[in-house]
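Chain lettering (A, B and C) follows the sequence in which the chains are written, and residue indices restart at 1 in each chain.
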Amino acid sequence: MISIRDISKWYGAFHVLKDCSTEIQKGEVVVVCGPSGSGKSTLIKCVNGLEPFQKGEIVIEGTSVGAKKTNLPKLRARVGMVFQHFELFPHLSVLQNLTIAQCRVLRRSASESEEKAFRLLDLVGLRAHARKFPAQLSGGQQQRVAIARALAMDPIAMLFDEPTSALDPEMINEVLDVMVKLAQEGMTMMVVTHEMGFAKKVADRVIFMDEGQIVEDRPKMDFFSRPNTDRAQQFLSKILSH
Amino acid sequence: MLDSRFDGLLAVLDFSVFLSPSPEVGANYLTYLLGGAVWTVILSVLSWVIAFVIGSVMGVFRTLPSPTLSKVGACYVEIFRNIPLLVQLFIWFNVVPELLPGFGPWYKHLPSFWQQFTSATLCLGLFTAARIAEQVRSGLRSLGRDQYGAGLALGLNIRQVYNLVLLPVAYRIIIPTLTSEFLNLIKNSAVASTIGFVELARRSESMAELKSTVFEALLAGTLLYGVINLIVLFFSRALERSTKLPGLLGAQK
Amino acid sequence: MYAFDWSSILTSLPFLWQGMVITLEITLVAIVVGILLGTIIAVVRLSKNSVLSAIAAAYVTLFRSIPLVMVLLWFQLALVPPVVRWLFPKANLDLNLIIAFAAFAFFEASYYAEIIRAGIQSISKGQAMAAQALGMTDRAVMRLVILPQAFRRMIPLLLTQAIILFQDSSLVYVIGLADFFGVAKNRAASTGSEVEFILFAGAVYLVLCLTLSTIVRQLQKRITI
């Protein structure tokens, strides 16, 4: 469903992504991990065109992300994204955060989008907070709303950019639980994260990145039992020790 | 008069007018305008000196622990910031000479040129001082209480702490804002034209009206203001570079 | 000691009020047009089209480096009369008021443009990305997510600029338009009480601006977004 081929990106002279390639099938859950600065956030932002890339191709269900004639807003409406810092719109209520794109982008009626919004809020367990504003919610609650907001667009795939990295430890699980549920229902997911417990539970494959390159791209069990490279080995041992 | 100039879509500019004789004896219009620019600069520089001294004092007052001095500073700023510059100018021109003993009689004996100059300088100086006071205050604030505490802990008295520790750094920090304030001052000096002082804006206007060469006169005046702007910016950047503290302010543009 | 005579002020109150109306008209027109035009300029300035962006930047730089007095002279002597005569050849309009409206609107727009630009840039990139990720076009992102938040943040600055504008409006004296201060000066000249009128005008401005800026300060404390 998502095809990433030979993606290279430079920030000025700095070579940030080096010939990254991978394929994500429908229903697959792929976890991307690696040390900071490895380019994993940049790569995932290339998938929905939020970051431009200079070389290579990304194709989502037949549409090329980098092609000039591609209608990017339309494409982005079909792929959901969740950000590290939640990025809820502070001037809108929780409910409005969920309905604004449904109405303005998908042109759903107000009642239709509200109905969908309430159903999703039930799914993430936050129906009671519908009329509140983001600043009144905890980090974990905000991130769950963010996930609901992305799901409201009925996406074919979901991209997660370090969804729990900005959360206090006690709130990480409430967000991971929602993500696990999503994975079990068959959503195609690409998740940049350090949470190896989550990877072990629902990932199909694990991609390890280092210094802009995809160093390992293997089925989950293979990766965790016996990583091919030293770098991945070192990373895993550091991360799994706590 | 104006219609004939705009009958065609393009008005042909006549730059030779700059060489024709001006109201000032022995000078052509180019020199006339340049003279206006010089007076603008002189007025601005003198006002700036007044503004800088008084503004610094008021700014420091606002950060002192003494509630009286702090109030004095605050009142000064509020009064001089909430009356329009033009009104303040006329207060100096028409009101103060009538009310202030000593100053009044001396002022009234001055030739009108110097009356205008004095009023304009005092007005601009004290007006700008209020704005400088705010900038000095925010510069000092940004240093944090601990710098002040560290100075006191060494046994320095308050005056020493300000002169040796706080102000040297605070002034460096606010060089960019002080520069933009000086540029504002130069622009504000044009207000002096309303009391007849022959600075650049006034001369530009006279030339436009006397010779009906509106575009040329206004264009020259505007360009001269632009040139003064650029020169000030050049010197300000040089000042910033020569007083830069490595590390602390190196990152600031 | 100067002998104060405040009586002529009392008799001039109706005229002074008329002048104040003119001052308020100029201020309001300049605020409204200034913010509208300023928003457009700010958005264009931040657009990816380098030509348009440069034009917007040039506009702002131009108006911010010339004294307001010069701007008024430009509009009075060169810019407004021919345009008005071309648009309304037969009409007999009060040119001075139009000059004042036009000059202040265009002048203030450049100052508002800078405030608004800084406001827009203060909204984190993540917000724009999140809106884009939902499929919003650039225009929708700006209109629905960025500008609403930016304006909320900028309200104190926009209001402070309005107070400055209110004071600057007195400069219409230069083009001979009788606003509040202009009327005060005229009445001063005809009644011979220069000192009283000027002090009165100063006091009125002082009270009004102090009140307004105190209100803005209170407002600043309450705005939290």
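Observations
In this section, a residue touches a chain if its C-beta (ideal position, glycine included) is under 8 Å from a C-beta of that chain, and two chains touch if they have at least 3 such contacts.
Because the structure is a prediction, the values reported are computed rather than measured.
At the centre of the protein atoms shown, by the Cα-centroid criterion, sits C. Using the average of C-alpha coordinates as each chain's centre, B ends up farthest from subunit A.
Subunit C has its Cα centroid 46 Å from the Cα centroid of subunit A.
Mean C-alpha position of subunit B lies 21 Å from that of subunit C. Subunit A and subunit B have Cα centroids separated by 55 Å. Here subunit C touches subunit A in the complex through residues 124, 126-127, 129-137, 140, 144-145, 148-149, 152, 224-225, going by the rule given at the top.
By the touch rule above, subunit C contacts subunit B in their complex via residues 2, 65-70, 73-74, 77-78, 81-82, 85, 167-168, 170-171, 173-174, 181, 185, 188, 194-195, 198-199, 201-202, 205-206, 209-210, 213.
Subunit A contributes residues 45, 48, 50, 72-81, 83, 85, 87-91, 100-101, 104-106, 135, 146, 149-150, 153 to its touches with subunit C in the complex. Across the complex, subunit C is touched by residues 2-3, 6, 78-79, 81-88, 90-91, 94-95, 98-99, 183, 186-191, 193-194, 201, 204-205, 208-209, 214-215, 218, 221-222, 225-226, 229 of subunit B.
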